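Each structure below appears as structure tokens.
Next come two complexes built around chain A: one with chain B, the other with chain C.
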Partner chain A sequence: MNFDHIDIIQSLIDGVLFGSIYALIGLGFTLIFGAMHKLNLAYAASGIAGAYAGLMSLTILGLPALMAFFIGPITAGIIGLLLYFACFRFMPRGNHLAPLMASIGALFFIDEVIIHETSGSPLSFPAVLPDAYFFLGEFGIRGDLLIVMGFSFILMAIVMLLLYRTKLGLGTRATSQQPVAALLCGIPTHRTNGTTFVLAGVLGGFAGCLLAASVGVLSPLLTLPLTIKGLIVTVIGGLGSIRGAIIAGFAVGAAEGLFLLVRGVNERDIYVFLLLFLFLVFRPNGLFGTTINRD
Partner chain B sequence: MTYLLGIFQTIGVHTLLGLSAYLLLLTGQLSLAQVGFFAIGAYVSGILTVIFTWNIFPALAIGAFTAGFFAFLVGFPALRVKGLMLVVATISFSEIVRLFFFNLSWRVNVNGLEVGPDSTQGFREIRYFAANGWEQIHIVGLIWFMVIVVMLALWWLDQVRAGAVLRAVGTDELAAQSSGINLTMVKVAAMTGGGVIAGIGGGLFAHSTTYVDHHTFVILLATFAVSYPIIGGLRSVMGTLLAVIFIQGVIVEGLRFMGDYRNLIFGLLIILVMNLRPQGLLDGHLLEDLKKLLGRLTKGEKADA
Partner chain C sequence: MLEVRNLVKHFGGVRAVDGLDFKIKQGEVFGLIGPNGSGKSTTVNLVCGIFPPTDGEIMLGNINLGAIAPHQRVDAGVARTFQNIRLFGDLTVWQNLWVAWRDQPGQEQGWVSNWFGRSTSRRQEIQKLLEFSGLGDKADHLASNLAFGEQRRLELARAMAAKPKIILLDEPAAGMNSAEVKDLCHRVLAMKEMGMTVLLVEHVMELVMNVTDRITVLNFGRPIAQGTPLEIQNNKLVQEAYFGSSENAQGGGN
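Entry: the complex of A and B
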């Protein structure tokens, strides 16, 4: 097979545009991990559940299509808070296995509720701009993916502002560095962690809606791939590094686009996963991870 | 009777899967690669009996060995990094294995029949037991023989130094390292052992169901594998067996009349158990109480005599 540079650059463009969704999910995983040093495996599922709620608001309440992008993230934020209470709030601090296992249980539960309610069949999701497709020189660019990317940039900027410019962000960062010291300084750590879960949930809801809008369908089959890709982005970016998660999101998207071109859709994910192992062997702390090898 | 034997078969295979995760959980590491090793064991031993017409026992052994070898290979990069990274790495490994078998097509003519793994169509012709006149009761016997061997081996491990080393790493890595324990070596050894156990389980599973495809080896099965020892508790191998009987026997089989809602209950149950008993159902306190009770009972008998 022969590819000229146009094919390669084209698939890189598509990949990077799509990678903004991975960056959002990776950012959410990183926020939660940064706050509690625990992994919430039900996170991507809560984002997809939010997208379903958004879709339901369109089909059942007959709201305009854009409303899905409000209802979805809000629902996902609420689910995020529920997940915090169900899987993390009451667990012993030193125990890492129990909350992880509980979040796996929550992942199944959310997945099964969706399958039960939709009889397992995919639903079509309204596209943002179905006909927008324009050319930049020789390269075609999907307008809706461009909007997805712009939207993600705005969200990332908001998250950064929240974390580094507000009192809430100060509390979150303090709790993440030293939970006990933060508590002694009068920071309500439980409330701070809860807020982080809501914030991450809202991000996940946006990511879920954006994913559904750019793929065109919403299906429970999306949750596991999104979870795994989000985790890979988190690890490649460096656990707990926000900047790393964003950059790794775009990088993984680009790599995925390239593998899709070279090896086809059936084998694409194999190479994405092998990429993760390359990082584990040669750069176990990821792109921007701290050298402290914490859990 | 066939139905009952079928349940025993499932419980046996799942117990092997749970025990393979149990061994690594003793060192405090959660691995979702167990389903990958299970798949390797299933496909390798299946290919050996079907394409190369081997006997079942060497085929199972080679399947288990191959799974153990891959566990060793994955263990090195994955266990150098800690805890949560391992979860991500092992999920990816399991998916790599699944996608590899999803793409694997290796059809050959054996005795006039075209057999072998057929990528998306699955691997359909693993009929060693039927072709050699084994009855279901023999198959169940073989599976449970393996379960008992593995459980005895893991129980014995707790009686010798190796078990103490594993638990030391699981309880406090820093303290274990300070006592001169090579963390990576211990974890990779546990990973390899877990891989071998999962490989045996996979081989038995493939031959008892006669058909495997990539749908069997999804992450769901890996989460089942780790949920057994975590829900059962890590203090004793019996915890894993109890959890398998509880989940496969009571929840999956017993609640069949509830249809779809069964799966909903499974997720909720995990969350509930983890909140109420973060150390698992059969935790240290309960085990101590049981021992005391047992001691009192035997003492009572002696007094009567």
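Entry: the complex of A and C
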């Protein structure tokens, strides 16, 4: 086993580029956690389900390939809203276990529906992204992943703009910090939370489509690893920290790239998942965690 | 303006509010006082809808507040402050006001400026409210970084930003020193001059006796006296129930 610095940097570059998908998923987890202080474990699965819906709109309706990036996120947004009503809206506010269990149930439900509809076999996703490859000195950069990253940055910028510059976003953050005061300032809590689920769902749908397009395949085997990687990103970023989730997404991508180089594709995820435990034990507030302050 | 009829709230076996009636007139500062646990804060929470009453009616003009959701009561014209400060700490001072902002009826602006808050006339109005609250130079500070007195003033400003018909002040002087209480007296009187209607729940007698027009005294969830500050001060029943029992704890019964 011998790697020179070029191998290492190359795998970091690949990892960071792919990490933009994890950053999107982590951002979605964080949006929902920020709004309700609860985890939606079915979130990553809803993104994959959105990607499936996008793919089916191509095969069944014969739409042009790029339409997957329209149908997918919309479907994922609708699934997000359904998850909100099924697992969160009517659960007692103080009960943290019930929505968590419900969302695990929803995760397996979505998985089962996908397996049932596809007979469990992977489907190939059209190569909508250009198959270009650039060289930057000694390092190669995959053009499709570069587009994935650029597109992710645009989505993140839109989310940040919404959250920090619009009344809707400020209302969401106000609800997150002081739910009772926000309600009594005239911010409709339930509608705000529902909107957050839709917004996060759309984000997950984009992530699912980008993942499928860059891997070239959609499989029910994607949901669980993506869920866990989303959780890792959320934990490393510090539960509820938007900026943390984005940075952690790229960091987890980079770590994954390194593990891939050092231990190969079969063992890669083992080490990535170990990160979750390492952080939960030694840095439970993550790298950018804020102390949660609310009654 | 605000009329409460036969209001009752039981928590299990505890009768927090037990048959309360009062009527607040337009432009009046109305005091609700009583010993700890007499049902004052519960009354405020019932009016703004944190929990539903066991029985009774709460009318704002001809709107039955009991029939609408808490956030709709803000549209109907109810705003409040909190005994323990509940600002949006990660938002700036300006954003705290904007998130609660309602345009004056008849001057509502389009959704673009509503979303992005860019309209100059609204910015000027928010700035005016900040000046009134003595926070004119703090607009871009995070609310959590303000000093205690400033946070209290920001809470008051946030309640005013909703353009309410009535403002509920839940122990606004709690934790204040006497200079701050004096400042708050001026502020409440200024609000009254601006034509606002106020329901004041308070322990600090200096504030209550200086700013209110009428007072209702609660004990064990029931009204035991009603009248002007002077009448209340001279009421034997009140002295027994309130000042007698709690002068050491409150130190404000002079």
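Basically, the second predicted complex is superposed on the first by the 288 of 295 C-alpha atoms of A that agree within 3 Å, B and C clash if a C-alpha of one lies under 4 Å from a C-alpha of the other, contacts with A are read in each partner's own complex, and residues count from 1 in each chain.
Basically, contacts are C-beta pairs under 8 Å (C-beta built on N, C-alpha and C of every residue); 3 or more make two chains touch, one makes a residue touch a chain.
All of these numbers come straight from a predicted model, not from anything done at the bench.
After overlaying the two complexes on the shared chain, residue contacts for A:224 are found with chain B alone; chain C is out of touch. When both complexes are overlaid on chain A, the residue A:105 reaches chain B alone and has no touch with chain C. A simple residue count on chain A separates chain B from chain C, and the partner touching more is B.
Once chain A of one complex is fitted onto chain A of the other, the partner contacts of A:95 are limited to chain B, with no touch recorded for chain C.
Contacts of A:152 after superposition on the shared chain: neither chain B nor chain C is touched.
Across the two superposed structures, the residue set of chain A contacted by chain B and also by chain C is 293. Residues 48-50, 69-71, 73-75, 79-80, 82, 86-91, 95-96, 98-100, 102, 114-117, 158, 162 of chain C are the ones that touch chain A when the two sit in their complex.
Those residues of chain A whose C-beta lies close enough to touch chain B in the complex are 33, 38-39, 41, 86-87, 90-92, 95-102, 104-113, 115-116, 224, 228, 231-232, 234-235, 239, 266-267, 269-270, 273-274, 276-277, 280-281, 284, 293-295. Against chain A, the residues of chain B that register as touching in their complex are 25, 28, 30, 77-78, 80-85, 87-89, 91-93, 95-96, 99-100, 102-103, 218-220, 223, 226-227, 230-231, 260-261, 263-264, 266-271, 274-275, 278-279.
Those residues of chain A lying in contact with chain C across their complex are 165-168, 170-171, 173-174, 177-178, 180-189, 293.
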